[in-house]
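Common to both upcoming complexes is chain A, partnered first by chain B, then by chain C.
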Partner chain A sequence: MNNVNPKPAATTPQQPLLTIEDLSLSFETSQKGVVLEALQKVALVVNASQTVCIVGESGCGKSLTSLAIMGLTPTNALKPTGTVWFQTKDNKRVELLSLPERELRKLRGREIAMIFQDPMTSLNPAFTVEFQLCEAIQTHSNVKLSKTQLREKAIAALDAVGIPAPADRLKAYPFQLSGGMSQRVMIAIALAGDPKILIADEPTTALDVTIQAQILTLLKNLQTSRKMGLILITHDLGVVAEMADFVNVMYAGQIVESGSAADVLHNPRHPYTQALLNSLPALQMTKTNERRLESIPGVVPHLAARPSGCQFHPRCLYKTTVCVAGHPALKAISNDHAARCFKTEGKL
Partner chain B sequence: MSETTGEHQLNYEPVLTVTNLTKHYQVGSRFSGGIKQVQALRGVSFVLEKRKTLAIVGESGCGKSTLAKALMSLETPTSGSFDLGSLVKNQGKLSTRDRLAAQRRYIQMIFQDPYSSLNPRKKAWQIIAEPIIINNDKNLTKPEIKKLAIELMGKVGLRSEFAERYPHMFSGGQRQRIGIARALGLHPQILICDEPVSALDVSIQSQVLNLLIELQESLNLSLIFISHDLGVVRFIADEVIVMYLGRVVEKAPVKTLFENPSHPYTQALLASAPKLGILKPKTPDANISSAVIQEHPHGAPQTTISSILGELPSPFVILPGCSFAPRCPRATALCSSAQPELITITGPTPNVHTHEVACHHTNG
Partner chain C sequence: MFSFVIKRMLMILPTLFGVSVIAFGLIRLVPGDPVLMMIGERGASPEAYAQMKANLGLDKPILVQYGKFVSHAIQLDFGTSIISRRPVIEEFTSRFPATLELGLFSSFFAILIGIPVGILAAIRRNTWVDYSVMGASLIGYSMPIFWWGLILILFFSIHLGITPVSGRIAMEYDIPSVTGFLLIDTWLIPGAAFAEKWQAFVSSVRHLALPTIALGTIPLATIARMTRSSMLEVLGEDYIRTAKAKGLSRPRIVWIHALKNALVPVVTIIGLILGSIVTGAILTETLFSWPGIGKWLIQSVTSRDYPVIQAGILITSVMIIFVNMLVDLAYAWVNPRMRIKT
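Then we have the complex of A and B:
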């Protein structure tokens, strides 16, 4: 699993489920000819039973990456470029970006499913849990199911996501459910098509910490039992530490560091990853005398005013003239650990 | 952050004393299934000291925001009181309007969402100047007020040329700085911070936290810091109150609370928080990385997320016993029949830096 050069070798017994190469996405602006590059050559690989985290601050492109995989990019976005190879259940390799919408629709939910940050707004407030869950089950079923069959499957699905008294809960409307329960229902709906990959976009950000722990445990258990690939999008490095096998750190539309969770969190090589880890209060507690947190000066660059050279250089402690002029590439440090920085490349 | 007991008593200077604060809300109507009562606060008491930070921790619905609103007199408490001590004199003789005006000079608040808490139709300096204009007892002229507002912007790290900008032209962190500048305009003694950094990105979060600490030190502020992020609380607080369903379940100096949590709910909260320290650090690059990864004292040795069962029970039905009993691993028959009171476990004098827990099985 080499994230720098993700060409899957044909001879390997296990092909990656998803291989993204050079994914770029731009937005048109009202000014003619001016485009904003929201994603720049994003590359990542997801294997079965693997949790891949995409972590970064708001606006770094982590959600857009997942929307591009699903073919759900906003209407004002230009067509994404690059390739997204996906291994389907019947072992066909398809390229998602060039797939017609009709074919893509068949994949959504059955092959790749998604859950979102706010479970309250993701569910339709006008329909019961039963209606929404049964709709998903019927959509992904090849045969027409009877009402009792659907109901049985729905109860089993709610049971599988740890909802107590599932038969009673079917009658509930979304407003009658707590945040944690709604997210469990969302997970049940997402898993109705038995997908090979689940994309979870900040699934626990809106939840309390004890409920967050429950949902993360649930996701982990479901992933293990179904051998799913899980793409977890989060800004919380604590969640990354708990969940991730592989981590991609994004900054201004680029992956700036990627590697195993242990490598990225405990041997961070990109100055941005290091600064992000250092600015967490939980880590700083060892410095009892110094009552200040390390912080990253400045803000994330706006897409319309991208800095020259390395995108992080205006905020970087180690910047030199090289960083202002040249664009660093995502270079491997060890077998699967890579960083986009001239310093780690040894050019400084 | 933790000092010796002797020093504590010497410097003991309360600026706010809250006694048995209770707030009940009536919700619903006769036509939609009857009027129900939510007991948002059920007898909360604490003392805030000068220059100290008191953190209030708990999940949504535990009453922490109701507490903030009650202290700001945005909500009238059902019973109980809070005393600003020597800060507000002759409280009883003033009209409500004058009393509120006096109170606002001593307590100000920073809100969670920097996007909705600033008026989008006003310029940055006008937002900051608003409290000064309302409380303009020195009869300052408009240019003088504007000058004050721009000075305040400098204090919170905003450049003076931003004064004429509107809120939408600022980033989240900068907006939160505007909110802080607005709160500082009346030279308050107490600043209530209701989740001030939870809407901000991690790298911006630390900037705002540092700013709050700098301001606290230079202006001798006392902070009430409401948060659900235990890492932030551990960093900023001197004393911590843990709330569950409107009641204080544990109160302790920050070090004690994190190293020796005694209420099962506090323990569950600490265990549920995702932790970075669970992976052992490899040898970091000494040149670049100064990340000190600490083994969390309550951290599981491997990547296992400890979780407690169940969810917050309905606030409409208040159980006779301990509110946490339905989710508590230690619950016995006693817990579901009798409500545990806050009992001091350790501490020098009553109410000062004591470790108090409301649990029948503290030593179990």
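Then we have the complex of A and C:
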């Protein structure tokens, strides 16, 4: 990666939108002085128009990473450490973790927006779609908009996320909407501030399979037309194959493998990634087929009971004595493909 | 919303029927002969007895009696008080504004302080603010009205001497009744100068202060605790995270997004509390010699003034039913699920 003739930073137009380095996050416990490390030196980069997936089982720290970017970590968490550099719309580079809450709030929704796993509980049940959408539009508008202006913009926003008869939907309360419809409203709200990055935290997990595909297509289209960076958090490798440009596989608070979608999906170099891929059912699978659907034995270790050495070794098929004792580093395999495994060099 | 209001109003009818049966049955359930009891201990001649029985309408079949009772009650005719010999409704209307004034002020006191204090405790969770609010409300909640009222009198009236011990207004004022609310009527004294009106107003406020606190403390503590726990629950909901992710300000999240949801259980509690204020008013009025219906009802019970007791049961029940309906309507406002079919 050593550029022979590096351009000066000011003139490079293609700086990443978001650069996370060494992001760590711990939780305080009831025991004094004992902290549990939920994120360990997470690093990832998001460029404009790029879809970056974060993959892993529940409890791996995928959502925490995204909440740390937003400055919305749970109240019982300690302040995250590391750096999160972000390129704002007016081309300023800001470090999000050290930004005061007041400044950070201005970025939320306007620069970085987020949608969540369960759209049915993520919309406020006591207010209409119109209230919640117009509120977002007004918050991110520099001028005071009239009621009719807000309404027009709201209808346009609902139309843009593919909601039929948007004018009628405005009066609806969230409990009158289906899950897919709610997620579309959530997307409309998230995009009201025209953000540069959209974080989608398992946006389709709570939805029917057919609706999932619709929502993913919608996200893809919106991303392309708006040149947004998209951070897609998922545990579904099918979604990754469909959407990702770049993939980060997380396990127990660490990134264990990262690389382009093609590299990670077709040439997985970490046993965990491989195991995830093997536990993906394929339509062609039959009884006589050579491959059985596998599952990964065991569960993600609890925060308070993280194993020694490589975090994955208790569940790993390839573990050796070195895995129990030493901590593997994220080692580069090729240009942007890296894996955290002692056996990375050898063939898995 | 409109059809919900109509539906809710129709639901009042069966309750009213039940209440009327109880009020009607009461006089017939007392041990002994009501006629004898009304004539007096010493008894009377058979003619006088029959006369009294006819006067009370007790010689007719029970259904006819009930029908008469209901038709009179609808016309607000509750008969004549045995003690004062004046129509019950007249006695009632002259006393009711005092109770209403006390009840309203205690409710405002409890709601307007309880909800903000509960929210404050919730957003300052596990700080000294939270601990002191919760501690104070626990004490307030456990305080019996009669005892708490006495403590208030001892401290503010006897020790500090800043509030009067009893009554609605100082003796020297004779306020003509227009609305029945002294806080308003003091401003309507005909031909009085501003200074005089102001003094009369201040006097009525000082008289109202202690009874309001005595009656409002338990509701205040209940509302504060309920608001706090409901608010804490709501602040952990997904949609609050959404509101934060939208870039909304903290006050807007707390006072608009969280509060409307947190109010759902609080409104239910307020409905129950408003009912208890009516019973609490009876104690408070006795304690502070407040000339309202509570004190009047206590007197009528001790002197077995049946027409008054009947009217009291009927009217206070109707009031509570009505208040509950208002609470249900407020509930439908904060909780759209109540009024909209999915």
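By our rule, the second predicted complex is superposed on the first by the 324 of 348 C-alpha atoms of A that agree within 3 Å, B and C clash if a C-alpha of one lies under 4 Å from a C-alpha of the other, contacts with A are read in each partner's own complex, and residues count from 1 in each chain.
Convention: contacts are C-beta pairs under 8 Å (C-beta built on N, C-alpha and C of every residue); 3 or more make two chains touch, one makes a residue touch a chain.
The structure displayed is predicted, hence computed values, not measured ones.
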Worksheet item: For the three-chain model obtained by superposing on chain A, do chain B and chain C clash or fit?
Response: fit
Practice prompt. Report for A:A43: first if it touches chain B alone, second if chain C alone, otherwise both or neither.
Written response: neither
Practice prompt. For A:V256, decide between first (touching chain B), second (touching chain C), both and neither.
Written response: neither
Discussion item. Quick one: is A:Y318 in contact with chain B, with chain C, with both, or with neither? Answer first, second, both or neither.
Written reply: first
Fill in: First, second, both or neither for A:Q176, with chain B first and chain C second
second
Worksheet item: What angle, rounded to a multiple of 10°, is defined by the Cα centres of chain B, chain A and chain C, with the middle one as vertex?
Response: 80
Discussion item. Looking at A:L237, would you say it contacts chain B, chain C, both, or neither? Reply first, second, both or neither.
Written reply: first
Worksheet item: Which chain makes contact with more of the residues of chain A, chain B or else chain C?
Response: B
Worksheet item: How far apart, in Å, are the nearest Cα atoms of chain B and chain C after the overlay?
Response: 6
Practice prompt. Under the contact definition given at the top, report the residues of chain A touching chain B in one complex and chain C in the other.
Written response: none
Item to complete: Could you pull out which chain B residues touch chain A in their complex?
Response: 1, 59-60, 171-174, 201-207, 209-210, 213, 228-232, 234-236, 268-269, 271-285, 288-294, 296, 303, 305-309, 311-312
Worksheet item: Hey, which residues of chain A end up touching chain C in the complex?
Response: 70, 72, 105-110, 113-114, 116, 118, 121-128, 135-136, 139-140, 173, 175-176, 186, 189-190, 192-193
Worksheet entry | Of chain C, residues touching chain A in the complex | 237-239, 241-249, 257, 260-261, 264, 334-337, 340, 342
Item to complete: Please name which positions on chain A make contact with chain B in the complex.
Response: 57-58, 178-181, 208-214, 216-217, 220, 235-239, 241-243, 261-263, 265-269, 271, 274-288, 291-297, 299-300, 318, 343
